[in-house]
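What follows is a pair of complexes built around subunit A, which joins subunit B in one and subunit C in the other.
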Partner chain A sequence: MKKADAVPFVSARGISKSFAGIEVLRDVDLDLAKGEIHALLGENGAGKSTFAKILAGIHLPTRGTLSLDGRTIEVSSPVAAQKLGITLIHQEPISFPDLSVAENLVLGRSEDGWFSRVPWAEMTIEAQRSMDLLGVHIDVARPMRGLSIADQQMVEIARALASDSRLIIMDEPTAPLTPREVETLFGIARRLRDEGRTIVFISHRLEEVRALCDRVTIFRDGDKVATDTIGNLSDVDIIRLMIGRPLKEYIHKHSAEIGEVALEVQGLTLPGVFHDISFSVRRGEIVGLGGLVGAGRTDVARAIFGVVPATGGVVKVDGKAVHIDEPEEAIALGIALVPEDRAAAGIFRTLPVEQNITAAVPDRIAPTGVIRRAIERSLAQDSVAKLRIRLASLNQPIGELSGGNQQKAILARWLLVDPSILILDEPTRGIDIGVKAEFYDMIGELASQGKAILLISSEMPELLALCDRVLVMAEGRLTAEIARSEASQERIMSAAVPRVEAAA
Partner chain B sequence: MNALGRILARRETGIAVMIVLFALAVSLYKPQFLTLNSLRVILLLTPLVMIAAMGQMLVLVARHVDLSIGSMLGLSAMLTGMMFRDLPEIPWGLGFAVSIGIGTLLGLVNGALVTFFRLPSIIVTLGTLNLYRGLTFIVSNARQVDRQFIPADLKGMSQTSPLLGIPWIIFMAFAVALLTYWFAMHTRVGRQIFALGSNPIAAPLRGVKVTQVTLLVFAISGALSGLAGIMYASRWGFVNPSNTGFGFEFQVIAAVVIGGVSINGGVGSVLGVMLGVLLMGCVAAALPLLGIPGTAQSAIYGAVILVALLIDRSVRRQGIARFKAARA
Partner chain C sequence: MSAAETTPQRIAGRGAAPQRSLWHVILVRPETMTLVLLVLAVILASQLSPFFLDISYILRSFTLSAEFAIVALVLTMVIIAGEIDLSPAANMALSTCLFAWAQASGVPMPIAIAIGLVAGLAMGALNAFMVIGLQLPSIIVTIGTLTLYRGLAQIIAGDKSIRMPEWFIGIDKVLVFGVPATVAIFVVVSLVLGLILAGTIFGRQIYQIGTNEVAARYAGIRTRRIKLILFLLMGLAAAIAGMLTASRLGSVRYDLGLGGELQMVLMAMLGGTYIFGGRGTILGTFLAAWLLVVVSTGMTVANLLPAIQLTVLGVLLIVAIIATNLIYSRAQR
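Moving on to the complex of A and B:
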């Protein structure tokens, strides 16, 4: 490809970075050409985000040099990066919610003195022009608060263009976006590339990388392991390079002994949310619950767990009808729910990992009502070892762990309860491939221990690989129950699409 | 509908409605409440609070709080009053520079403790509230500076008027408000204060010098407390170590919060704060007029603040709902 042969626009040589003595990036050499979209791939913690942050001046490299157009540069701060024409767009964009869109656009650009005048009129006109240039319709006078994440990203991109950034780094921009928003973003990214700008794109989604990027660089454990044109690599190659092992090891083969019915629901109804839901899950069985986002799957799980109880229908645990109004009652019956949105419902961000893991078993760590630190610590340590949670210390606030490891810690919390029925709501969302595979192994392992597992997932390959049966919901109703042998992506999808379309 | 919704959604509208409703309600019992003279009474109750409220607004916008303003007022007023007493030849105008200078210094101490030692401002200023009050007693030997020592020209500022019978100190308060408006809305550092309070983690990434900006807001709060200190001497003609500025922080923070400044930072307007101060002034003026006994005044004062916040919230909710309906 000619782009790769051109004089590099940005060139990194021997970039290394250590945090507290631990090397997270080792001797990375990387060239970025003008007018290319370059993907950075790797598992969480592989170093791709650290590298991006070094480019953007958020971290300083421990060793190594960067040059721009052949000149050595020092990117000492995000403001310095901005002046050099380098902008990093975060997944959750940095914004000042109380300030207007226009102010968010210009903040940090001017180098004027403290008491220089803020040119409101010019600022607003210029901001509106940048939004128009991008082709997005956002009122620049409105406050940033309440803007969708997609729109906030657009404001960030407009900001990058307003300061004429030549290198735009997007750190997992698509994770919180809808498919349509992703298309808009890609359209804009391609346009910027065609204008000769360089875009670095970080993502976990291979299909997106394929759709958008020209070249790809793969990181693993702090090393750059490959840079190549995307067309030269198959998905299998990429995954092998990312995880350092062939993919087939990670396809789960589940063969647990299926026992008695552990959880059964009949005619479960919550008006306006879901209707007449009936299914059962046996010991040792993994039952998938598929469907589109918003189909009511999470609501069913929350109803069973007693968060927002259903108003009609019966829930039976081990054959006995039970009445669950509170999560406490569900826990007492041996049910555990690992929620989808761990940030909102799962973790205590600022508390140590240790306390997060033991949060659901107060009776075990405090048999007399006073917490016994030694028990707490040993329970947490066992979990960390068993689930291979990567952390610096048990005292670390859980918010500092990567998404996958946070999710493992939450799973660990519920495993300590030793539930007989485990409801997992999108357990692998936002987790990279290697950790996902570990999760799949764990879920299979739990099933073979005789636990009944209800797995809510939007990822069809996950449902197909793991589940004995797949239930599908659409618009609050159960639309299909598919045995493993008959399950296919097409069958799940056709049941997940609302009926109106099927009738048409 | 759209423009109306926009106006209704504003905090300032809620407070303005409250002021009008309150004035009408009081005038049902005491018609003289709606006269020009009572407006003068109300305005005379407000300048000190208004000046300190401007500083407090900036501190709250930056996501901090300054509880020490009453003690800063007291200490700077006391030192200035003692200067007038012990050095009677000194030109009275110099008192302003001295009082503001002392206030600035005290504010900088607050700011330094908050920034350099990374202490929460609520604790720091709770400490300096007591420290500065204690220093006031020490330097003054717990003795009041009496009326005869306060220069007549200074006292005159609260009585003589350049225009419409409105005393100088009220014009000064409005001048401070105007200056604060310009500073907060039209200077780069003013906007940086809002950015800092709106997202303290992101602010340094956008070139906001957090340490300097934080020091600045505490220094301004101190300076304005100092200004309020010398104006106290002007208004009341004495400085007393235990009364001067005592409980002042309560009035100021209440006015600022009623005025729509968020204690979570990033939000606040000078107009809102002015209206908040005015509402507090109305209540303070109405209570004696309605013959409410002194023992009950404090409780009623507090209740009015809570009611004002509740009414304001519901007015704005409706405004926002209408605004959304109009857009949909």
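Moving on to the complex of A and C:
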């Protein structure tokens, strides 16, 4: 942890960026020192990713200058950035899945002509050496496809090192990783820092920033609001700087009356994905489903909802065994699912917000099959008002809204169905802290209206604050059911981490 | 682009995007470019030849491609739903050969027509089975069936032409309110499909499937059923179009409608339908069909060689596609 040198390694002055006339970054001055890990924090849309992309040559700044070792530089493209020793590691690395790890490593580096010989042997040896240098065990001859996201990130990092990058930018690298993988990544990041490289680390998770970073810069609404050493700022300070106001401590206000069993699953099994899953959710109850990414939680939700039905086991709705092969059947039974992957399974990106909100209730907007615009408009307007969705117009393509507002629109879609059972899969992923609190309020209120809620979440505080009971899955099996009074981060975590000897 | 100008938007909230102006909304409509080209073509063609503005001449010219245009309307819906069907021209040939063959071997006309229509539906069903049931890409499936259907037509009809009975010939000469019957059918089908696509849940869900099929399924939309209906409609439309062609030509050969699939795709594309689904309108295809007729008749009355005409059509298509995509991507930024 060196102090900033007299001449900073990278120095940004007055960096501004506009998209379509809207300024998303305003006069940002920032110095990065050699050998530091520097965190960029801020809500979604605060400008931290835009700034990182300007450093990496993906965006050109509208105004402002960058300099490297005191010399003004022009980062006109990602290739130019690479030549200057600047690399951006993507959260979900872009690679060629059918080429080998080694081929992906040397990709785009060849200085030879189109028809020159590919030096396979040298390439493999060199690739293996760089993986060894990182201390990760990946067979470089195998194809990228099938590698975990963590390993794919390692390949990207190895690629950055192979081209001797001195500034490595990691944009939310830890979101898809397991805790153990995060530790490995942090170990490598620290080693790279100690070699004198500079790392820019973008994350939403404060505890990670605290564990890893030396200094932190906070963005809000396109402005840089603070840069300081991490030790000088408390979590409360950081949140206040990020959202511009103190965040009220979320208190569990949930006081719903718990009623009959609404949803019950017994011995639900889909071979190779999940096994013998049994649980129930009562009216007015919020049941959490925790575990690591890939534990099979989403698959259970999708099985109940009929997207990929289970092959064994029973699903009961209001005590009656039901057979659900298609989402439409689940919807008819009063089940709603807010999916994890909003872009892939939730929104119709180019269609108007209005049509996105009413997509699941064709019978309400068109009792005879012909759409009644007035009914549709008023349903959508009510939803927008009730959920406080921020938009310019109901005719706007939903893709133009921020992530949080898109998610609200999807939730609105399912509330129009008036489900008795609501499955929420990572409902607050990628959502600003401020909007998160709104979601928590909404979830609590829905439960108090008597809905049975199954909440899948990777965020421990979310499970602890909201849920009456927490179920935990690991490697396709239920490993724990923890009552609210006994729930703690440690208990959830210890049940979530896969073990050789399965817990009873 | 000063700070003062951006302030109101910032107050409206970071989540809120700016309201679009009216001209912007009109300009990004997929069929706007088609309409502009159509107006330009009419002006240009009437400059080239004073005879051009004879409406009945244009209507008569339209009968030559009206059958394809009718199928292109249904194809537009298939493409918006994110699929494609390249087999309709071959379907026209096979269903019409079956119809003509049955009729020539003494089957009463109503039954012969039924045979043709059922054959068309069956071909649509086969496409649907492979695309929906076997989850194969529709472009590959229908390239396969386009060859298969045309081949079967050749087996049935051989090299001979099958004559139609006198009374069956000449539907394109029948006038409905002064408009040739096939053109009138095209206009009516356009209206009906246009209303269905724009105003019903069925139409709405076609756009939703084409935009994001996974999300559509999660929202409880019966994606498979809707695609099945579309492929069946396609088969039915092709069979009807085939019989209309038989009536116009007076006889049926295996090469009826040869190459028609490209004209149909051309009409849909020229009308602003997005090849990857989710965007497009019946109005666009309707205008594009007229545009093609105006351009080709315009070139004919101006005594341009047929070879040059083809080149002009190709350039037109490319210009239209570039223009629509450019406008659209501008709008997205």
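Note that in this section the second predicted complex is superposed on the first by the 287 of 504 C-alpha atoms of A that agree within 3 Å, B and C clash if a C-alpha of one lies under 4 Å from a C-alpha of the other, contacts with A are read in each partner's own complex, and residues count from 1 in each chain.
We adopt the following convention: contacts are C-beta pairs under 8 Å (C-beta built on N, C-alpha and C of every residue); 3 or more make two chains touch, one makes a residue touch a chain.
These numbers were taken from a predicted model, which means no experiment stands behind them.
Visitor: Is it subunit B or subunit C that touches the larger share of residues in subunit A?
Guide: So, of the two partners, C touches more residues of subunit A.
Visitor: First (subunit B), second (subunit C), both or neither: which does A:95 touch?
Guide: First partner only, subunit B.
Visitor: Is A:308 contacted by the first partner subunit B, the second partner subunit C, both or neither?
Guide: Once the two structures are laid over each other on A, A:308 reaches no partner at all.
Visitor: Taking the superposition as given, does A:58 touch the first partner, subunit B, the second, subunit C, both, or neither?
Guide: first
Visitor: Identify the residues of subunit A that lie in both the subunit B contact region and the subunit C contact region.
Guide: none
Visitor: Which stretch or stretches of subunit A touch subunit C in the complex?
Guide: Within the complex, subunit A touches subunit C at residues 18-23, 26, 45, 221, 305, 307, 326-328, 330-331, 337, 339, 344-351, 355, 359-360, 362, 365-366, 369-371, 390-393, 395-396, 400-402, 404-405, 413.
Visitor: Give every residue of subunit C touching subunit A within the complex, in rising order.
Guide: Interface residues on subunit C, with respect to subunit A: 1, 3, 5-6, 9-10, 12-20, 25, 199-202, 204-205, 207-208, 211-212, 214-222, 278-279, 333.
Visitor: Which residues of subunit A touch subunit B once you look at their complex with the stated criterion?
Guide: For this pair, the touching residues of subunit A are 58, 78-79, 94-99, 103, 107-108, 110, 112-118, 120.
Visitor: Could you please specify the touching residues of subunit B with respect to subunit A in the complex?
Guide: Against subunit A, the touching part of subunit B is residues 185-192, 194-195, 197-199, 202-203, 205-208, 262, 265-267.
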